[in-house]
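Both complexes below contain chain A, partnered by chain B and then by chain C.
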Partner chain A sequence: MGMRRQRWLGPAMLLPAIFYVVALVGVPFLLAFYYAVGDVKVGSTDYHFVGLHNFASVLENPAFRRALQNSIVFTFCSQVLVLIGGNVLAIVLKEAFRGRRLLRFLILLPWVAPVSIGTIGWKWLLDSLYSVINWTLIHLHLVDKFSPPMWLGQPTLAMISVILVHTWHVLPFSTVILLAGWTAIPKDIPEAAAVDGAGYFRTLFQVTIPMLLPIINVALLFGTVFTFTDMTVIYILTRGGPYDTTQVLPSMAFFTGILGSDLAEGAAISIFLLPVLVLVAWRMLRTAHRTEMA
Partner chain B sequence: MAVVQTRALTKVFRAGQAGAVVGVDLESREGEFLVLLGPSGSGKTTLLRMIAGLEEPTSGEILIGGKVVNDRTPRERRIAMVFQSYALYPHLTVLGNILFPLKAQGVPRAERATKAQWAADLLGIGHLLERRPRELSGGERQRVALARAIVREPSVFLLDEPLSNLDAKLRASARQELEQFQRRVRTTMIYVTHDQVEAMAMGDRVVVMNNGIVHQIGTPTEVYDNPADSFVATFLGSPPMNLVEIGEAVVGFRPEHFVPAEFPSTGARVPFSFRVESQEYLGSERILYGKLEGGRFSGKRVVSRLPASYAAVPADGAPRAFGVDGAHLKFFEIGTGLRRDPLPLG
Partner chain C sequence: MAAGRRRRGVLAGTVRWTILLGAAIGLSFPFLWMLITSFKRSSDLYNLENSPFLFHEPPTLEHIRLLLQETLFLRWLWNTTLAGVCVVAITLLLAVPAAYALARLAGPWGERLGIAIFLTYLVPPTLLFIPLSRVVAALGIQDTLWSIIVVYPSFTIPFSTWLLMGFFKSIPRELEDAAMVDGLTRFQSFLRLVVPISTSGILTVVIFSFTLVTQEFVYALTFISSAANQTVGVGVPIYLVRGDVYYWGSLMAACLIASVPTGVVYNIFLDRFIAGFTFGSVK
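On to the complex of A and B.
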């Protein structure tokens, strides 16, 4: 009786997780492949197999190539900023000082607050007419009163803006991961380095950061996934504009597939995210495996 | 080589609280093995960390080689330190660990290799150079930590309980190795421990500390045979010195000096009547627990330690004639615990 119960208990406990993964990850994933090789449109039940036609048409589209390039720039720049900022914040926050708890809470806030609300706030801060940032800059006589910077209206500025706002949003998450890594380094080690004659930067670059590499790796991999597949900030701030100059793959897939009704081409675009995500997933598993071994 | 000196060195971690180290005056001698001994919380590690430059003194001065080094960073003090955890760099190989201080000091590449090899040979870890710290045993880690410390030929060695992470068996052999190592390199060593056996076995001189205060500085023989106060008397020795209050003073005698009356005596013996209540046989020796009887000592608990070879073991419950040679009686003041002039007993 006991044995029989144990035989189905394990699988039964696993079932919700399996159902969840199959329904919300597996089915959409296969559906994307199915759509990408067909001619599906929103509002029509017709399906004809068209082979690689959608991929060919996507690759010929200069807007797609631009979006692919933007995705890479967007992800790379924001991750560099996040890693530098996250480490700096972690170094500051690991020290004991008055008001540390409050500061930790404030820094975590952008991550726990709904991203859309935070981004709408930024939209107003960067608005062409009502920008508080411009108001301040004008009053400090740092920019011309009659042609202040159009944060979301000029291609380069718009890209910088979305990168910075996205960095603002994901920075707390990396900071928390890195902070855990920093506090896990025994105090003895940097002290031994100091006695051995190493200065601050030698200790940082030859002792502490190498010791933190596995944790930095984790923060980077998570950050890459969050950034490469995210479109919230871009959707709210620029909608990919001006002239598709801030369009990234996820937002382009959304605009083409959902708003433009061309589900097939949208699916084809989104499939281009796959190689990067597979690479990241593979490295994550390797990191996890190595950590288990150590 | 250089001597380390402290002048009225004090560390108070939080204003208003008792100091972790209070007014310590210390002077090491050339090439000496100086042991800081005390229970946990006695301030011995804080004292060592101040000498290393890892902790800033609240007041007082630290001198190395005759120069005040209070404002110098650890790297400028030319000291080496072995940490309790060894603090090896986990991402570097053994060789990388030994090379690190040389790189940090800008030693030319060719010279680095020679020195690292010399240090590795000195400690017999030449075969471990490519390993990482986590692949080493406790004893091997200790040797790597010593090699990393010796490689740049420091003027002073600071060691913070380097044997406490080893198991009991390994500890005895590591202790001998460390002693031989010190004799070979002849560098001044300041060694922190809470283990009196380590202190007695290795120290040229022992600094006995408690609550941030130095109670006595002396050779192992001096601190054991001539304790400056009742704290030193009871902290050293296992079982500790017997302390018996006699009105205006406290009289102390070591358990091994409290012996049956028929034991040969070296001078005037003060007799006691001792009723044994329980005993422990420890192989090489026998510990007797009981009470004194008669006179003003009646009812005081004392301990006697006899060689196991002594056959006429007193039975439990029966009073026996015991005694202590007059020279082995130490007298302490009641309030301060300090040593005082002997009083007539009997």
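On to the complex of A and C.
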């Protein structure tokens, strides 16, 4: 009796969750492909198969190519900064000291506070007229009073701004992940290397960092997904401007598919996110598999 | 030799504290700036001759009064709370049993299914928002709070199931075995034994799901088009701006009120969320 009851209990407890996720992730995921090879528009129920037409028209669009390039630059630059910054912060945070909790909280704020709200704070800091950053730079005589940098109004500066603000947002997340790795390193290993005469940086690059590679891998995988697929910082800071020069794939998909009502082309644009996601998922499965083996 | 080492120690300490303080002040600066802006009079704020770091006129509560009385801010806070409670309820109802089933009843497939469910958490809103906007419209819940209440659990459930699965696995099996020998069914022992001793794991999931509702931006922006139905995460950055005019004082006050409580609570539970992200690759 007890055994028979157990056989349906597992599925009964598991299936509602699976059903929910399949209905709201699996089905829309397939629909995204279905839309991308059709001609759906908002407000019409007509559907005709158009093959790869949407992909071809997207690829011909210079604005799309710019967005694709921006997405790569945006992700690569912010991940480099995050990995360097995250490791440096993990090193200084790993030992216990007075006030550690408070400093950790301040360092973590950009991640734990809602990103849209942190970003609007930056919009004020980078304001064209009242920017406190420009005020400081002017008073340090680093920039000209009459032509201060237009952080969000000039293409290169705008790109740098969105990269830095996004880095500001995800840096604490990677820091905490890396911190978990740094605190797990047994103290005696770097000490033994030091006794053998290896200097700080030699120990760091030849002993410590190789030991940290698995956790650096995890931080990088999540960081890449959170960066490559995000549009919040860009939407709030620049709306992809000036003149679409800071547009990335997700924001372009939003402007095309949601605001522009061209669902088909929007879906085609967001499908270009997929190769990176597949790559990350594959690497993650390998990581999970390896820890399962260990 | 000893003096050299001491000097190096002092140098290392100085470098370390410079980085620590620099990072803490630098990274939290936007929030500090929200605080200063919230209490500054507009005439002081928008006077280019004044140093932005100082108060040239007495502080004011005018921005906060405007925010609370003449904007939808309180409405957004209420919407966020309401959606948060519903999302937490749906998440718990589905993720707690699922995690238990994966940890105890699915056998060797449990771990793999768990990873598969976790991977769906990686599918980003920006890939799904276009088809989901149609699904939401088909359900007749577009432009209502219901749209996000229904959709948000699609990413809180995978992550929560994954977190709770690890949690349930750490509970000794003997506990339930003993209870079942005493005549409880498997489900009864789950409800009466496992759930009560898992309070801290369940609380982690509650906090994770609730804060996610305050942090999410893309779906709320996509599905909800009336200002009055928004959450605080979209309402503040999008709808507090009138035309092209930014009311920076009120805007920054809103940012501060919306972000600090979430930040404090999330910070307390952060280490547990991180354990879910690292797959046990730190031992």
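The criterion applied here is as follows: the second predicted complex is superposed on the first by the 293 of 294 C-alpha atoms of A that agree within 3 Å, B and C clash if a C-alpha of one lies under 4 Å from a C-alpha of the other, contacts with A are read in each partner's own complex, and residues count from 1 in each chain.
Basically, a residue touches a chain if its C-beta (ideal position, glycine included) is under 8 Å from a C-beta of that chain, and two chains touch if they have at least 3 such contacts.
On a predicted model such as this, the values are computed, not experimentally measured, just so you know.
**Q** Residues of chain A touched by chain B versus by chain C: which partner has the larger set?
**A** Partner with more touched residues of chain A: C.
**Q** Return first, second, both or neither, reflecting whether A:Val73 touches chain B, chain C, both chains, or no partner chain.
**A** Neither partner.
**Q** Contacts for A:Pro210 in the overlay, against chain B (first) and chain C (second): which applies, first, second, both or neither?
**A** After superposing on A, A:Pro210 lies in contact with chain B but is clear of chain C.
**Q** Under the stated touch criterion, which partner chain does A:Ile258 make contact with: chain B (first), chain C (second), both, or neither?
**A** second
**Q** Examine A:Gly199 and indicate which partner it touches, taking first as chain B and second as chain C; both and neither are also allowed.
**A** After superposition on chain A, A:Gly199 lies in contact with chain B alone.
**Q** Using the touch definition from the top, say if A:Met150 reaches chain B (first), chain C (second), both or neither.
**A** Touch status of A:Met150: no partner.
**Q** For A:Ile271, using the defined touch cut-off, is the partner it touches chain B, chain C, both, or neither? Pick first, second, both or neither.
**A** Once the two structures are laid over each other on A, A:Ile271 reaches chain C alone.
**Q** Regarding the shared-chain residue A:Ile160, is it in contact with chain B (first), chain C (second), both, or neither?
**A** Neither partner.
**Q** In the superposed arrangement, which partner chain does A:Val50 touch: chain B (first), chain C (second), both, or neither?
**A** neither
**Q** Using the superposition on A, tell me which residues of chain A are in contact with chain B and, in the other complex, with chain C.
**A** 294
**Q** Inside the complex, what are the residues of chain C that reach chain A?
**A** 16, 19-21, 23-25, 27-31, 33-34, 37, 45-46, 48, 51-53, 93-95, 97-98, 100-102, 105-106, 111, 113, 115, 117, 119-120, 122-135, 150-151, 153-155, 157-158, 161, 180, 185-187, 211, 214-215, 217-218, 221-222, 232-234, 236-237, 246, 248, 251-252, 254-255, 258-260, 262-264, 266-267, 270-271, 274-275, 277-283
**Q** Which positions of chain B touch chain A when the two form their complex?
**A** 52-54, 73-75, 79-81, 83-85, 87-91, 100-101, 104-105, 134, 148, 152
**Q** Quick check: in the complex, which residue numbers of chain A touch chain C?
**A** Residues 2, 5-6, 9-11, 13-14, 16-18, 20-21, 24-29, 31-32, 34-35, 88-89, 92-93, 102-110, 112-125, 127, 129-130, 132, 135, 168, 171-172, 176-177, 180-181, 184, 214-215, 217-218, 222, 225, 229-232, 235-236, 249-250, 253-254, 257-258, 263, 266-267, 270-271, 273-274, 277, 280-281, 284-285, 287-288, 290-292, 294.
**Q** Would you tell me which residues of chain A are touching chain B in their complex?
**A** Residues 186, 188-189, 191-199, 202, 206-207, 210-211, 213, 294.
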